[in-house]
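Look at the two complexes coming up: chain A is in both, with chain B in one and chain C in the other.
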Partner chain A sequence: MAEQRIPPSGSEAIGRIPPSGSEAVGRIPVAKTYKLFIGGTFPRSESGRSYAATRRNGDFLANAAQASRKDVRDAVVAARKAQPGWAAATAYNRGQVLYRVAEMMELRRPQFVGEVAAADGLDIETAVHVVDETVDRWVWYAGWADKIAQVAGSSNPVAGPYFNFTVPEPTGVVAVIAPQDSSLLGLVSVIAPAIVSGNAVVVVAAQERPLAAITLAEALATSDVPGGVVNILTGVTAELAPVLAAHMDVNAIDLAGAPGEMVPALERSAADNVKRVVRPDGTDWAASPTPDRMLALVEAKTVWHPVGI
Partner chain B sequence: MNEWTYEPAPESRDIVTLRSSYGLFVNGEFVDGTGGAFKTVNPATEEVLAEVTQAGTEDVERAVVAARHAFDEVWGPMPGKERAKYLYRIARLIQERSRELAVLETMDNGKPIRESRDVDVPLVAAHFFHYAGWADKLEWAGYGPAPRPLGVAGQIIPWNFPLLMAAWKLAPALAAGNTCVLKPAETTPLSALLLADILQQADLPPGVVNIVTGAGETGRALVAHPGVDKLAFTGSTEVGKEIMRAVAGRRVKLTLELGGKAANVIFDDAPIDQAVEGVVNGIFFNQGHVCCAGSRLLVQESVADAVTERLKRRLQSLRLGDPLDKNTDIGAINSAEQLAKITELAKSGAGEGAAQWQPECALPERGYWFPPTVFTGVSQSHRIAREEIFGPVLSVLTFRTPDEAVEKANNTPYGLSAGVWTDKGSRILWMAQRLRAGVVWANTFNRFDPASPFGGYKESGFGREGGRHGLEPYLAAAGAAEVTGG
Partner chain C sequence: MTTVAVTPADLDAAAASDVSLRRFLHGLPGVDQVGAEARAGMLATRSIKRGAKLWALDMALRMTDLTTLEGADTPGKVRALCSKAMRPDAVDPEVPSVAAVCVYPDLVPTAVESLAGSGVRVASVATSFPSGRASRAVRLADVAEAVSAGAHEVDMVIDRGAFLAGRYAQVLSDVVAVKEQCGNAHLKVILETGELRTLDNVRRAAWLSMVGGADFIKTSTGKVAPASTPAVVLVMLEAVRDYAEATDSLVGVKAAGGIRTAKDAIRYLVLVNETAGQRWLTPDLFRFGASSLVNDLLMQRTKQRTGSYSGPDYFTVD
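On to the complex of A and B.
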């Protein structure tokens, strides 16, 4: 039973199975190093910086890499490189790859529960529920891969000898400022809708709750998602978000977790190359999602194909 | 070669009754404004057609208040099936007065009567007719079970298709239950004001559509107005970015239809004569004042000489002159300012080393004119291959392989439209999948239909106009993530 693998509340370790018997007493756990996730690999920040991620009460959990503007640029390059191939994969294939991610997440539930409980300040029972929701949400989005085109596309009855149809296509490289208040469920609720249609993302994880994002990266790295489709940076949102908003090779930006006072400036920067902007709107991450976020990050392409003999 | 001559065949302008001056259309009637007046001229003759009111900030305020009142009291609560009947009425009235609209459009804009009569105005009527039928079917449009209108829509439109752009903006907005404040372009305000007359004939409730004429200042006042819930803009990418910055951080839904630098790609198996016709239509339609114009011709190397030779031969038979003449193919450039811009960019083409070619073509003495122009030997770094010229200037580049064609076609910050010419259906779809553009025409170009969504990728803007997709910019789905585009 999955629940049996979940650490009891009060465990001092995050996401590690606690000592289970007397023979384990005295064993020192192997702590994890949390790094960035860029182009399918786990580098430290090129800046050499890190910062302390803590429980809600301030207790030290682990150090997270503090990404720099150069890390942002590297991540955008990786995303741009990966995006066309990901978009060109068949929808069925993308659906299976994303479902595979859910399988990998399922295996890491104990680890996620520990991290979510610690970062979001939840009791274990609630954290279990949040993690279950997260995995289920990923499955929900995975299933959209081969359905978006039918829901968002159309064939259009034009007055002339043309077969005219509209299909949704990924916007390209999407920057995502992950929600600050939901370290895993919120994060998945902004990553999955972006990549399911064939976009590649550069994500800035919740500044003060970054650890679950890197564990998610480990699930992604061990699934079949091509390197570079999802890139995850941890660090200071106010430092990284402006770089992404102004980046000329980013096509869209989801400001879900952007601090309110930064939003106008980020939107102004986004205008430099007419980025699509998803504004923060107080979404309740626990509520059932709608297709809106997914549909905000696709472009409608209309083709006029001649009809004749 | 025999010289063919044509007798003049001008369309009569008697059908149009011009007033010497026009007020603003606010709350169902023409009213005086506070911002002074400006003249609108016939670009083919430089004749002043009328004085038009420059809407000031207070006038914009009045229009927004009227629109808000109409939204709250009349148009918002009205059942969709009743809104639909108003829109059907408007479509019919446009058909009834189509010749008058076409002649006026040609006089104020400079486009050939053949185009305003056969393309612009029929599409205007069709657009209202199409969206009329949506007004009572919104819950089936795929934007949630209970889609709501946004409220007051501020709409700013360009001078290249003055009436058609008004229809593209008004029809979906009204069908969805919004009320409108429309700002026509300063050089082409007259057809929108004639449309106001039609709206009066249709007995559209006061305040549902308000029309504020003026230049950039009027547009800025509308963009800045806190009472506007939705902004839709068609025009240059530069101004589009300005509007994005102006609404940053505000709860305004925005859609933008901006510039383009479309590639028109001819493969070696294309029916060359048909392709040449398409290229001509792609760039010389409406004097090239088309955001989706096929301004970059990409020809497969093996047929490049044949294509350019036939293209030049075809251009020699184009007739440039009086836009009201029914035989005219190329009309006047819309304004002196636009003519200066085209002239400057064309000069840069020659300056940067491309070979310029123009047919023998006598330009009228008065008015604003630019002959059809073809540049060959253009490289991707040339300004004429990168910047939107918005005039009758074609840049010809070549490619060898389909991959190279895709690479070159997509090598632009724009992404509004693209064309593909080939005899092979599978190649059409292969290209269509790879071209980063909102509209892909295969073996045709510059074709529009109210059922066909239109809009750009990348710096060509976001949001779609036309068809089911064209409703989305004017609807709020319950519980929707708020996006500026999409």
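On to the complex of A and C.
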């Protein structure tokens, strides 16, 4: 199956089509600047810092922006601003927007394949498989948009003349520490379940494999996801995660990619404003997903309604 | 930046007639708009370090005129605002009170009662705010009502129509009449710079107001966009600086409208320090007219105190 969807052959460099005729006569390649994704725009880090992203074998790939705590602050403000509008969109509409993201990702497969192969140290064939799996997973989550309420909601029997409903509502602004060992599939496996229910996210991409995250941001920016619903920061996890965990305007934090030794401290800071915490549980990102991650990031609202009115 | 050098005698002569006033105001050096914006922009990039930032956040709070000027204002809302003015952060008694509460004239009695003995002043907009389009008798009655109800400060609007048409003497006599009606209350003259179009006009309106006896010159009503911009405030600060040189009397500046973040407020403080000088860094001579600014200042203050970023959930909804 994978072979039929293979990208242009020999894309060794990240996402670049093989040299054209003109390159032979000394064309200067136009290198991509990998920046942050905050509020629907691509700013450089406020701190002006950047760091080198490398292949698994240590060879230089590209410079990525190194976000600071002030970028975290800006990203949370952007997420807070965008969240109510995203949550207010109909579930059907959110689903359609997410399908559209999958369409945009499909178009960028060659670029993703190049980046995943380089960052995760995979051969092209495996990388193609991972990228296909990623797009399919996004589609799977998109399908959930108008089904979560049926699965997580209920009509409850009560001893009185009332209807009693429970409906899932988004938690709000969710901070996500993306998995460190799977630059694209792992990333999508934590972003998609958070936003499908109407949350907005601030994501810290895998520290040593940040490039695919920014390419995903480009797919998000060219689909119809409102600016600010997904914000992606690249940089040092140990620098950014504590700021997010302590931030009083963040409602939940997914510690999927937090280094084990940091987890207790992050959970302690998260307790300050009673953030919902999704603890790292050794999820195998390659395995088929379950609805658990989506359900961990919704809150149950129960409504009593008198019968006959 | 250009310094305007005039003598008190020049000002007296200028105020004599419409012709002399026009000659004086149009004789003021023109403002280099590009230069003013560039200078304001350059000062905005200055980095303020931690100790200075803490000082600046508190100073900005003490300079704020906490404002509510909506048609939907109620005595209850004004009382809530007054409580906030006296003690901006309910959980931190060390946070200083703001300078004043700014309301419409009919709500002045409520504000005066709520703020009694607190040191927070009551400011009232008057003269048919925000348009000022009423006869002088009506506008003066508006001022009289606010003052007799106990307002310490009166914010008047100038007749922008008359100003733009060049009837400077009319504007001047308005200011003089309102100043007289104010008695002991401080007079702030709103130039509504968003309607004056050019920085040259801002400079002229500023001088005109000061000649008329303004205690403060204020950028805007907050009802017209653009409201306060750094370049406009820069020109006004130059005007009060030059007026102080000429007459030894200190006139304040109030930046109002569109200032929502602590960062903006601190940029204005840099502008004040670098243009008019340190003498103006006091609530007696520089004010912010704002409502949402206070919450952002409190959030930044909390950040400096606790080390983690705060959120709007922890502050009042005004």
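As a working rule, the second predicted complex is superposed on the first by the 287 of 309 C-alpha atoms of A that agree within 3 Å, B and C clash if a C-alpha of one lies under 4 Å from a C-alpha of the other, contacts with A are read in each partner's own complex, and residues count from 1 in each chain.
The rule is simple: contacts are C-beta pairs under 8 Å (C-beta built on N, C-alpha and C of every residue); 3 or more make two chains touch, one makes a residue touch a chain.
As the structure is a prediction and not an experimental result, all values here were calculated from the model.
**Student:** Judging by the criteria at the top, classify the pair chain B and chain C on chain A as clash or fit.
**Tutor:** Because the two structures are overlaid on the shared chain, the partners are seen to fit without clashing.
**Student:** Taking the C-alpha centre of chain A as the vertex, compute the angle to the C-alpha centres of chain B and chain C, in steps of 10 degrees.
**Tutor:** Value: 80 degrees, nearest 10.
**Student:** Return first, second, both or neither, reflecting whether A:264 touches chain B, chain C, both chains, or no partner chain.
**Tutor:** first
**Student:** Looking at chain A, does chain B or chain C touch a larger number of its residues?
**Tutor:** Counted on chain A, the partner with more touching residues turns out to be B.
**Student:** For A:300, decide between first (touching chain B), second (touching chain C), both and neither.
**Tutor:** It touches chain B, and chain C stays clear.
**Student:** Taking the superposition as given, does A:222 touch the first partner, chain B, the second, chain C, both, or neither?
**Tutor:** Touch status of A:222: no partner.
**Student:** Given the touch rule stated above, what does A:247 touch, chain B (first), chain C (second), both, or neither?
**Tutor:** Only chain C is touched by A:247; chain B is not.
**Student:** Once the structures are superposed on A, label A:76 by its partner contacts, choosing first (chain B), second (chain C), both or neither.
**Tutor:** second
**Student:** Output check: A:281 vs chain B and chain C. Expected answer is one of first, second, both, neither. What do you get?
**Tutor:** In the superposition, A:281 contacts chain B only.
**Student:** Quick check for you: in the superposed arrangement, does A:272 touch first (chain B), second (chain C), both or neither?
**Tutor:** both
**Student:** A:126 contacts which: chain B (first), chain C (second), both, neither?
**Tutor:** A:126: touches no partner chain.
**Student:** Please work out whether A:54 is in contact with chain B alone, chain C alone, both, or neither, and reply first, second, both or neither.
**Tutor:** neither
**Student:** Can you give the closest approach of chain B to chain C, taken over C-alpha atoms and in whole Å, for the superposition?
**Tutor:** In the combined three-chain model, chain B comes within 5 Å of chain C at the C-alpha level.
**Student:** Would you tell me the residues on chain A in contact with chain B in one complex that are also in contact with chain C in the other?
**Tutor:** Overlap of chain B and chain C footprints on chain A: residues 272-273.
**Student:** Can you tell me which positions in chain C touch chain A when the two form their complex?
**Tutor:** It comes out as residues 307-314.
**Student:** Touching chain A in the complex: which residues of chain B?
**Tutor:** By the definition above, chain B touches chain A via 126, 142, 144, 237, 240-242, 244-245, 247-249, 256, 258, 413, 425, 428-429, 432, 437-444, 447, 449, 451-455, 457-462, 464, 467-469, 477, 479-486.
**Student:** Where on chain A does chain C make contact in their complex?
**Tutor:** For chain A paired with chain C, touching residues are 72-73, 76, 80, 243, 246-250, 269, 272-273.
**Student:** Tell me, which parts of chain A touch chain B in their complex?
**Tutor:** By the definition above, chain A touches chain B via 151-152, 154, 156-160, 162, 164, 166, 171, 251-252, 263-268, 270-274, 276-279, 281, 283, 290, 292-293, 295-306.
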